[in-house]
Amino acid sequence: MNKIYLWGFIVTASMLGFTYVSVLGSKGGFNGDIVNILTIAGAAALVIITVFVVIKYVRQMQTDTADGELVNESWDGIGEYLNPVPMGWAIIYLMTMVWAMWYFTMGYPVQSYSQIGEYNEDVDVHNKKFEAKYASITGDRLVEMGESVFLAECKICHGLTADGIDGTASNLNVRLEANVVKNAIVNGSNNNLLGMEMPMPNREFLFNAAGSAITDAEIDTVSAYVANGFTGKGSDVYLSACASCHKENGMGTDYGPNIAKYTPQLVVNVLNHGKKGVIGTMPAFNRLNAKQKEAAGAYVTSLSE
Amino acid sequence: MFHWLEKNPFFFALAVFATIAFAGLVEIIPNFAQSSRPLIGTTPYSTLELAGRHVYIKNSCNACHSQLIRPFKSETDRYGDYSLSGEYAYDRPFLWGSKRTGPDLMRVGNYRTTDWHENHMWDPEKVVPGTIMPAYRWMFVNNTDVDTAYAEMITVEKFFGVPYNKPVPMKDGSTKTIKMADTLHQARKDALAEARIIVKDMKHQDVIDAVEVGRIPEIVALIAYMNSLK
Amino acid sequence: MENRPLEYDYSVSKLFIYTSLGIGFVGMLVGVIIAWEMAFPAINTIFGDGAIAEYTNFSRLRVLHTDSVIYGFVLSGVWATWYYVGQRVLKVSMAESKTLMYVGYAHFWIYLFAAVVLVISLLMGITQSKEYAEFEWPLDLGITTVWLLWGASIAGLIGLRREKTLYISIWYYIATFLAVAMLHLLNNLAIPTYYASNGIGAWYHSVSMYAGTNDALVQWWFGHNAVAFVLTTPIIAMIYYFLPKESGQAIYSYKLSLLSFWGLMFIYLWAGGHHILFSTVPDWVQTLGSVFSVILILPSWGSAINMLLTMKGEWQQVASNPIIKFMVMGSTFYMFSTLEGPIQAIKSVNAIAHFTDWIIGHVHDGALGWVVFMIMGAVYHMIPRLYGREIYSKKIMATQFWIQTLGIVLYFTSMWIAGITQGMMWRAHDEFGNLAYSFIDTVTVLHPYFVIRAVGGTLYLIGFAMFIYNVVMTARNGRRVEASELHNTTPMAD
């Protein structure tokens, strides 16, 4: 065998090997996805065909000799042979033409392909596959699933560790930070946190033990109290101003959300309606399905436990 | 026959032209009428949004970001509903892009917010560690060119009948009217009014101050545009 | 008349050569810069994050790169060869007509002026955003003028020709002229807003005549064929002249040239749809794009095979003459990219490849391996003949060849792996049926490939700088040689 074929094999094998190792070693992988498989096949065909066709012509440069009848003209000394076209080339050319004509007149119309139709089928298959599975995902598995949602969708704002990236989104490792509580008291809150329109009144309608509107100092105290997990000073203010809606221990009622810890339902409500607060605006996530939201809720709840 | 052509340059050129012009006619013409109709719920851009679109183009965001969601499960999961032709009816030029160095932005208004954009455009690396998107801090300083946006509104209304100041049907059966000012002076005022709403959710003091005194930094227009992408 | 050799006038050709080298270097330097910016984004703000960052950041520079290499480097390279090859194969000297000389000079100087304005306007962010047609209407008019002047030059030289039959290269130059004229005019139709609104806003701003899906359709009909008729047909025109001329071999087959040419003309124009697969254009247009892309392999490979077969039995020339090496390697990369393109145009493959770096890889194995190699080969062939001097250094040529080849290999292998990896990650769902990766995961994973690409690009640029040095030294210091030594194989000093 000629040396050049050996080189051809080496080049092809190393390119494909390198690609194989890098691509499949990475996180994508085939996943049994036909598109992935076709792509790799296409890439392999590209290298193999080019390398070996070129080698064929290099062999001709090495061993063949040029001859044939020349045309009459000579352009600046350049001549042209009247050689016939290479057979292989001509045949494949004709075959692709015939294939194209067949494809347009028969193949394509008969298949009546539609990309949207294909999409709908894919979605159906996907949904069927997971609908059955979803029912059995509970407990720790649900938290795991929630983590997967979080890493794909939420970490962009809340950060990989859900710390809120320096206060640009909520720190989900704690239920509430003092500035958020303070904002709710001062301005009220109106974010459908209970899953429906149920606003919290602002400071003018929150009363301390003396029965008058809550004061600046009291707001600071009670905000710290809530943010610290209901410890320290401020329980008196809390009991008079807040407990009626949020319960003594902050675990919430039908008309005030849980402010002691996250609940999956609270998170789902936030995902359904978004939230606009002192930190910024959290968008609603309509493109997640119910199970994904539930899972995200379970995950977020688990973070501060 | 071919050899004859090769001796007669004029007819040669004619033959070449006929050969290459043919495909364009067949491919392009039939599609024109059909795909230029707006989808229900698609509205023209407001003054500030259009100015923001110009900021987007000026900085070639389309070099890294597409605005075309293909009908694949993985894309609709990531970005939302796949794109429909009618949604682009007011896009001159189209901004589909051809490279996704960054994510698609066709519906970014659904899942990113004013304050997030503000932080991100100022310092992408802080918001999204590992990103390769550059910071665009000069946008917090440079003024938006509202005048050119207004000129474009006049032009598209005049030449292409873009329905400014006319009720446009929405998905829920209601209608919406996008305003185009009668005068340049009014257009500037309209843009400023839009800017005031955006700035309410922003924290950058220089930007807030600028809008306070009637200037509109580019970032505000850009965010108005980003938020309109739904 | 017939006995005395014609005195060809190469002054316009020389001007274009130097422009090509200059803009080529700058354009590729910008390419190298943006490649490093993708690997290390801090470079975006290397001069601080204030006012200057606006002009050093990736997105402003990227257009500058694409347009300056394509319309600055490649087009002036093409014209340098036109003003050389045109005269020789038509057997007529520019000097025979004062008008033709004026047209040539006007063509050059107006072009240069437009190029300068273009750079400034792109840096300022004045763009219509359509890829490869970014320039606003005043520049579009300027480009039209330049193009018509070139057309006048073609028509003029052909009108005066002594060789009655048009050589293959001339076919391709004519096709380039006609196609780009048509594409440029139709894609850039726009209404200047300043005039339409009676004087409001920026005077140079315009709004496209087409909206949305229609605009996309016209743009990619343009975009694909701009590639075809700027990065392909004029380059084929070059190889059909310079390879047989340098090697002294006759073209392998007239029939193959003929079938490839007319096949290319007919088929190329249909394939634009492959840039907008799975978009909102109708399915049938996309299918046309895919199917014709596959057929397109054949007329493309036809030309390349014709060139390789022209070297039949001439291996010792390939081995010993670096100019021929550039051209044979160029043909090989041409075959590679015209097989790669059609594979990427198959819908299922495009589902992954589109929007990823694999496309960037495809662009550059065509551009670096085919276009730039051919232009360098052509310049190396022309320079000794323009100055009656020997090539300054063959060693530089040979070294440069291998450095650049290595650069290309690093470039496209890293990019195709990056593209396929990213494409697969975008599609992946995990065991719960959720997206497996957030977008940023698919960005950080590419970092090593971006670094490899940047290294490859830097190597390529180094090779190009060696090329410029060699050319300049040839023109200034090369040993003088007799006209008789310049017939075929170019004389070169070790």
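We just call them A, B and C in the order they show up, numbering each chain from 1.
Rule of thumb we're sticking to: a residue touches a chain if its C-beta (ideal position, glycine included) is under 8 Å from a C-beta of that chain, and two chains touch if they have at least 3 such contacts.
No experiment lies behind these values; they were computed from the predicted model shown.
*Asks:* So that we know how the chains sit together, what is the shape of their touch graph: line, ring, star, complete or other?
*Replies:* The chain contacts form a complete graph, every chain touching every other.
*Asks:* I want to compare two interfaces, A-B and B-C. Which one has more contacting C-beta pairs?
*Replies:* Result: the pair with more contacts is B-C.
*Asks:* Between subunit A and subunit C, what distance separates the C-alpha centroids? Give it in angstrom.
*Replies:* Taking the mean C-alpha position of each chain, the two centres sit 36 Å apart.
*Asks:* Using mean CA coordinates as chain centres, what's the subunit A-subunit B distance in Å?
*Replies:* So the centroids are 23 Å from each other.
*Asks:* Using mean CA coordinates as chain centres, what's the gap between subunit B and subunit C in Å?
*Replies:* The computed centroid separation for subunit B versus subunit C comes out at 29 Å.
*Asks:* Identify all positions of subunit A at which a residue touches two or more other chains, and write them in rising order.
*Replies:* As it turns out, subunit A has residues touching two or more other chains at 115, 126, 156.
*Asks:* Can you list every residue of subunit C that touches 2 or more other chains, as numbers and ranges?
*Replies:* Only 165, 278, 351, 427-429, 434-435, 439-440 qualify.
*Asks:* Two-or-more-chain contact residues of subunit B, please, as numbers and ranges.
*Replies:* In subunit B, 71-73, 77, 128 touch at least two other chains.
*Asks:* Touching subunit B in the complex: which residues of subunit A?
*Replies:* Against subunit B, subunit A makes touches at 115-116, 118-119, 122-123, 126, 156-157, 160, 165-166, 168-169, 279-287.
*Asks:* Going by the contact rule set out above, which residues of subunit C touch subunit A in the complex?
*Replies:* My answer: residues 88-89, 91, 163, 165, 167-168, 241, 244-245, 249-257, 259, 263, 278, 283-284, 286-287, 291-292, 294-295, 297-299, 301-302, 305, 308-315, 318, 332, 335-336, 339-340, 343-344, 346, 348-349, 351-353, 413, 416-417, 420-425, 427-430, 432-441, 445, 487-488.
*Asks:* Could you please specify the touching residues of subunit B with respect to subunit C in the complex?
*Replies:* By the definition above, subunit B touches subunit C via 2-3, 6-7, 9, 12-13, 16-17, 19-24, 27-28, 31-32, 34-36, 57-64, 66, 68, 70-75, 77-78, 83-85, 87-103, 125, 128, 130-138, 141, 145, 147-152, 154-156, 158-160, 184.
*Asks:* Could you list, by residue number, the parts of subunit C that touch subunit B in their complex?
*Replies:* Residue list for subunit C touching subunit B: 37-38, 41, 44-45, 49-51, 53-54, 57-60, 62-63, 125-131, 158, 164-166, 171, 174-175, 178-179, 182, 186, 191, 193-194, 196-197, 200-202, 205, 207-208, 210-219, 221, 225, 258, 262, 265-266, 268-270, 272-273, 275-276, 278-282, 285, 288, 351, 354-356, 359-360, 426-429, 434-435, 439-440, 443-444, 450.
*Asks:* In their complex, what parts of subunit B are in touch with subunit A?
*Replies:* Spelled out, the residues of subunit B in touch with subunit A are 71-73, 76-77, 80, 82, 110-116, 119, 126-129, 201.
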